[in-house]
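Some notes on the structure that comes next.
The letters A, B, C, D and E name the chains in turn, as written, and every chain counts its residues from 1.
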Amino acid sequence: MEPLLNIIGLTMDFGGIRALDSLDLRVRHGEIVALIGPNGAGKTTFFNCLTGIYKPSAGDLLLTPPGKGTRRLNGLKPNKVTQQGLARTFQNIRLFPNMTVLENVMIGRHCRTRAKVLGAIFRNHKTVLEEKEIVRLSLEILEKIGLADMYDEFAKNLPYGAQRRLEIARALATDPFMLLLDEPAAGMNPQETSELDDLITTIRDDGLSILLIEHDMKLVMSLSDYIFVLDYGKKIAEGTPEEIRNNPAVIKAYLGEDIDNA
Amino acid sequence: MISFKDIQKGLLVSLWFVFLTFPLMVIKVNPIERVITWRWQNMGWVALGSFCYYLATKIYKARKLARQQQIKLGLIKERVDWGQRLLSERKIYLPVLIVVGLGFLIFPLVLSTYQTNIMVTALMYVVLGLGLNIVVGVAGLLDLGYVAFYAVGAYSYALLNMHYGLGFWTVLPIGGLLAASFGILLGFPVLRLRGDYLAIVTLGFGEIIRLILENWNSFSHGPSGISNIPRPGFLGLHLSLGHSITYMYYLMILMVLFTIFVVNRLQNSRIGRAWFALREDEIACQAMGIDKTRTKLTAFALGATWAGMVGVIFAAKTTFVNPASFTFLESAIILCIVVLGGMGSIIGVIVAALILILMPEYLRAFSDYRMLVFGAVLVIMMVFRPQGIIANVRRTYKIPDAIKPKLSRK
Amino acid sequence: MDYFVELFFSGLTRGSIYALIALGYTMVYGIIGLINFAHGEIYMIGAFTALITSTVLSIFGFPLPAIVILTLLASAIWASAYGFTVEKLAYQPLRNAPRLSPLISAIGMSMFLQNYVLLAQTSDFLPFPALIPDFDFMEPYAGFIGSSDMVILVTTTVVMLLLTWLIKFTRTGKAMRATAQDRKMAMLVGINVDNIISITFVIGSALAAIGGLLIASHIGQINFYIGFIAGIKAFTAAVLGGIGSIPGAVLGSFILGLTESFATGYVSSDYEDVFAFSLLVLILIFRPAGILGKASIEKV
Amino acid sequence: MLELKNICTYYGNIQALHDISLKIEEGDIITLIGANGAGKSTTLMSISGIIPPRTGEILFKGQPIHNLSPDKIVALGICQVPEGRHIFPDLTVAENLDMGAFLRKDKEQTTKDLDYIYDLFPILKDRRNQPGGNLSGGEQQMLAISRALMAKPQLLLLDEPSMGLAPLVTRQIFDIIKKINREHNTTIFLVEQNANLALKVADRGYVLETGRITLHDKASTLLADEDVQKAYLGI
Amino acid sequence: AADPIKIGVAGAHSGDLASYGLPTVKAAELVIKDINAKGGINGAKVELLVEDDVCKPEVATNTATKLVSQKVNVVIGHICSGATKAALPIYRDAGVIVMSPSATNPDLTQSGDYPNFYRTIASDDAQARTEVDFAINNLKVKKIAVIHDKGDYGKGLAEFAKKFIEQSGGKAEVVLFEGVTPGAVDYSAVVQKIKRSGAEAVIFGGYHPEASKIVTQIRKKRMKTTFISDDGVKDDTFIKVAGKNAEGVYATGPADVSSNPLTKKYRDKHQKAYKAEPGAFFDNAVAATLALTNALAKAGSTDSAAIAKVLHTQDVATPFGDIRFDKKGDAIGVGFSMYQVKDGKYVQVQ
């Protein structure tokens, strides 16, 4: 079977800096794949290329949605990529700070609904139904994420951890089959991180594939099915968590000797 | 409340202002006759004025601080913002609404034609403000050339009427559509510009439209404008001035209601949400699958539509148009209405439009000083109420009853 | 060919005039992200102060060089004082306000200052004495470029170089840039942000005053309204060059001046502003951050 | 060295800190732990004068500093590495470091310190002519810490220095914290989510819960405390 | 006593065009003060209702409505042609007579749309005619550049000038027709263009600020081109501002009235009251006030038909001599003559 996401020879240059260097990477359906590597290795850049925020200098981004044919993501605008079924979160949280939690999630539904200006003005039956459905679904997602009781709070007033989870909720609302998470555990304490672990597992069990960037090794090792390691834009290793944990190159560049303290 | 130190500081402040205003306020030269007029008395006025202003702000701040202390100590309850209260408590807003509504309804019957006339102008600005509010307040696109679309509307009525004899009611929608197409025309190339770059380009566009109207004589009659534009007809009757103004008044009331209805519905729709989100964070928006260009264009075109329609009404009301009515200052005033009202808040925009447009009219008594006061009021309002008269009200959503109990706070 | 050269020089003069005002715009925008609509008024106030000072001094019988120097000083001092006060009154209280509030405050300030000068002085045009004499050595070129054009051109260049140096290499300049980019962090490294912003306004206003003096002397007349029109053009120029960038403001001004000049010369001055603004739109379409503005890809 | 006496801090009308009192002795490493939104960052911002407390006192070496402006506080030798790095995006890495030394007058020593920093983080040296905004998250964190070190502070306030850092670098940063504490006798006030690590390097720790100090003790004692373990260490 | 007679004074009294509107207010005040001092008109005191229209059409309609709803009897104003055009239908519907000291747009009287409109200034076409005739017949220039300020007044005038030159049967040609942007910082490009066009004379339609800038630039470029302009430039401010560059400039203006006793009287009064020279259209405004008050007095009522009849049929003494109004509303006898700046003063030519 075709992998869900197949990246071939992805290269990204910023002026003189090569942030990604012919990267090959695959994600299969239903997998949690982690992308790790030292700071500045190019992980976030990879997400940005994939979601159309940056234009890659070279390489192919191939997506094969379940039950559909393969398509190239190169050159698609970010909103089109999301429509294809890829949703992401941001390393530096980018919520809509002055909108409520519920509204933030409702925005996620935008690309799956179709009410237009005239519908908005005349509020015909279809629009009303659609709007109701948006609210219902958004609340459902919030409940799953555990933010339902805060639905009426402004996003900017949420604690950090809750904001991170809200980003995930918002991404889920776009009905993706694949979720890209950029350091979801950053700024969370160990307690919250373990809750996040459960959350991501649930999402996977709902049938989504997940690509995860994270520096919290405990989380990565417990969650991932497969790990890619980047350094200076190049892939230096890939494998199962066990393989990676013992890979000397990875230990040297990234993990360091005694990993348990991290 | 005012300490000796405050007085001391106040004196220093007034000394500074005396220095500051010295050349302009005290000296008046006639460079040709080579005479100098010294107006020493102005120095005293400046000193007194600045001293009082300083003390006033000091007292204001001190009282605010004292309030906060008292709130903290639990002596008094926190006062809810009156704007919010007005809107959120049915007990308050319903009667207010009825009284205001009735007031507007009988306005032309009890007050003079002149009062009605300036109220018509004010109502026109209400609609303009609400239209620009879609663009600036809701979608966050700073448009400094809004007046261009207003001009498009006004000239479409003037020209279509002159050349083809089309009537007011025919041109009203045409003007709106024409303005919308101009909005799209301009929007396509420039909407990817960020923030203030967009502002200057729209400003430029506004100027371009005005300059074309000014220079292209064979098309627009140039600076001398087009006169004798008919007022809107009423079942083909000929109306006297008073009646026709009253008629315009009710027409504007309907227009305002219609605008409020539409803008309100738009804001509370899928599109409206997308606009708000776009204002907050464009990149996140795109990542959520929102087509940035298209959404912005919609806002731009819709905003322009209202300007176009009010333009038609404007032409009908003044019965004369020339390019001088469509200067940058006009755009600036409409923008002031939006920001002063509170970005994205409908009631706020209405209140601000009424204040800003009626104020200069009622300040006619101080004719020399009115623009001075107008400018000062803008600054002071912003300094003391930067979020606008009525800060944006949050939208509420109907929560299905089935889920409600689960949402109650743990 | 002669005609081309003549138009070129007239464009340069126009450009340098815009530049002197645009520099202040760009500095203020650069540091607090505000389109300071009142900047044009500061320029106008500079010109008025210059007119008053020079008239008073000449009535008291000072010699021309003394008049020029004292007038320059006085107008720079008072314009700076106005810039400083305007910032303290109308912008500083709005540091944490929504983005557009200071803009409205600036528009209000602009109206206020215009009418203040109108009331305190007069609405008429006043003749402005020629403080820049016609130099003899310029006489052969008078058909192309006058003495005052030359002085303006040179001043603009010198001022631009000085400013660039100030911003790039001095401590204050670095503090300005830091403040511009992250105000909170600037405080945390020990910069007195309020002072830095005030300094920026003071410098920008002093430049506007120099501009006011030179331009008024070049044109020979002023009234309370000159700031508004020149201000809008200067702002356009600043954006054209990439707002926030010092060389950008100057380059933008020159381009704008030259465009207007050539548009007038070869097409028609009826549409010179149309050309100017169309050029702006065109350039921004291809370079969304202006000519020298950094079109940085936002790092997400 | 630093003493907070009953400070209350507000955001508008919302009270974020309730009567916080704490004490830091010279040469100590003190850590403040607490859940998200407990008010840790707010405490640091209050000390630095960015969000001054509405009531209460802050004393630095016995002198009240709660009425001083942020730049004066920095001038006294209190530096902060704020949460979220706050790199000057358009200044180059070198200029960012230079800004750290903004108030310093000793040119020569500053140059030496710069070399020292480049030794600590070679990647910064590689990137020294690049705009800070283009660095990756982790690189920016290194730059932020280095910038504060360039100021040669007597008291260093660190807000979640390990956030977003690779494991290797996290450990390196903690080593550096210990090192400057030892070598330069810099007092350190550390806010961390990674309470485990923080309590290991710290001498004493405070626990903050919804704007109130609920516990404070020797770090080792807290590390062994069952409640703390449950709530913050994920054990 | 009888009900006071209300005279509206409307025009730009604030904003950037205030300097064109304020002299009218002062003129009206000075004249009315005299009249009231003598007991008013037929025993009724005269009351002035001064209203600002900032020269904007839309504001002018408000101003007009306000005056009308205050039951104004006659109106002096408005100042700008655009504002006047917007306001006139309102006065017309209310049957109020309006007399402008400064609105020169020919349409106002010639279109026949505004039977209630009068003015004490000649219309643009008359003025353009004077300028063109003078240039062709007296100066014998062949190549003329016509420049305007894109404004209502200036451009209208320039267009007439162009038309008249073209109709001159080849005696002269228009080598350049162009508008300059008022308020622009520098006009050297246009001046270069004039130079290149080889024009021997420039006919400029507009006001003195632009005129003085252009003249100054022309002289700075050491060009000898003759400069001919209009009433907007025939203003002492022009000479003061342009200084020595103004020497030799031609400008049309109402026939020299400075020797007229009425002119003298009111100019002196102004000088005494305000310690300054009266500004633009002061004499015209004095004339308008005198004409209206005279008509009110002679008509013996405030009925507009009666007033109109007096205006059309009886002469009234004004700074311009004895005048009356033709059927269209233009003042008979208020024509234009040509002036030239000599030794810092406008001197009538011919």
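Annotations
Here is the rule we go by: a residue touches a chain if its C-beta (ideal position, glycine included) is under 8 Å from a C-beta of that chain, and two chains touch if they have at least 3 such contacts.
Keep in mind that this is a model prediction, so the values were computed, not measured.
Set against the C-alpha centre of subunit B, every other chain centre is closer than that of D.
The highest number of C-beta contact pairs joins the chains B-C. Remark: subunit D and subunit E have CA centroids separated by 74 Å (rounded to whole angstrom).
Averaging Cα coordinates per chain places subunit A and subunit B 42 Å apart.
For the pair subunit B and subunit D, the distance between C-alpha centroids works out to 46 Å. Multi-chain contact residues of subunit B, defined as those touching 2 or more other chains: 31-32, 215, 283, 368, 371. Chain contacts: subunit A has residues 44, 53, 90-92, 94 touching two or more partner chains. Counting partner chains per residue, subunit E has residues 14, 150, 179, 240 touching two or more of them. By the touch criterion given at the top, residues 48-50, 69-71, 74-75, 79-80, 82, 86-91, 95, 98-100, 102-103, 131, 133-134, 147, 151 of subunit D touch subunit C in their complex. Of all residues in subunit D, only 35-37, 84, 123, 130, 134-139, 141-142, 160, 163-171, 193-197, 230-235 touch subunit A in the complex they form.
Residues of subunit C that touch subunit B in their complex: 29, 33, 35, 45, 48-49, 51-53, 55-56, 58-59, 74, 78, 81-82, 85, 89-90, 93-94, 97-98, 100-105, 107-117, 119-122, 126-129, 232, 235-236, 239, 243, 270-271, 273-274, 276-278, 280-281, 284-285, 288-290, 298, 300.
By the touch criterion given at the top, residues 3, 6-7, 9-11, 13-14, 17-18, 115, 118, 122-127, 142-143, 146, 149, 215, 218-221, 223-226, 228-230, 233, 260-262, 264-265, 268-270, 272-273 of subunit C touch subunit E in their complex.
By the touch criterion given at the top, residues 31-32, 37, 112-115, 117-118, 121, 214-215, 217, 222-225, 227-228, 240-241, 245, 314, 317-322, 324-325, 361, 364, 367-368, 370-371 of subunit B touch subunit E in their complex.
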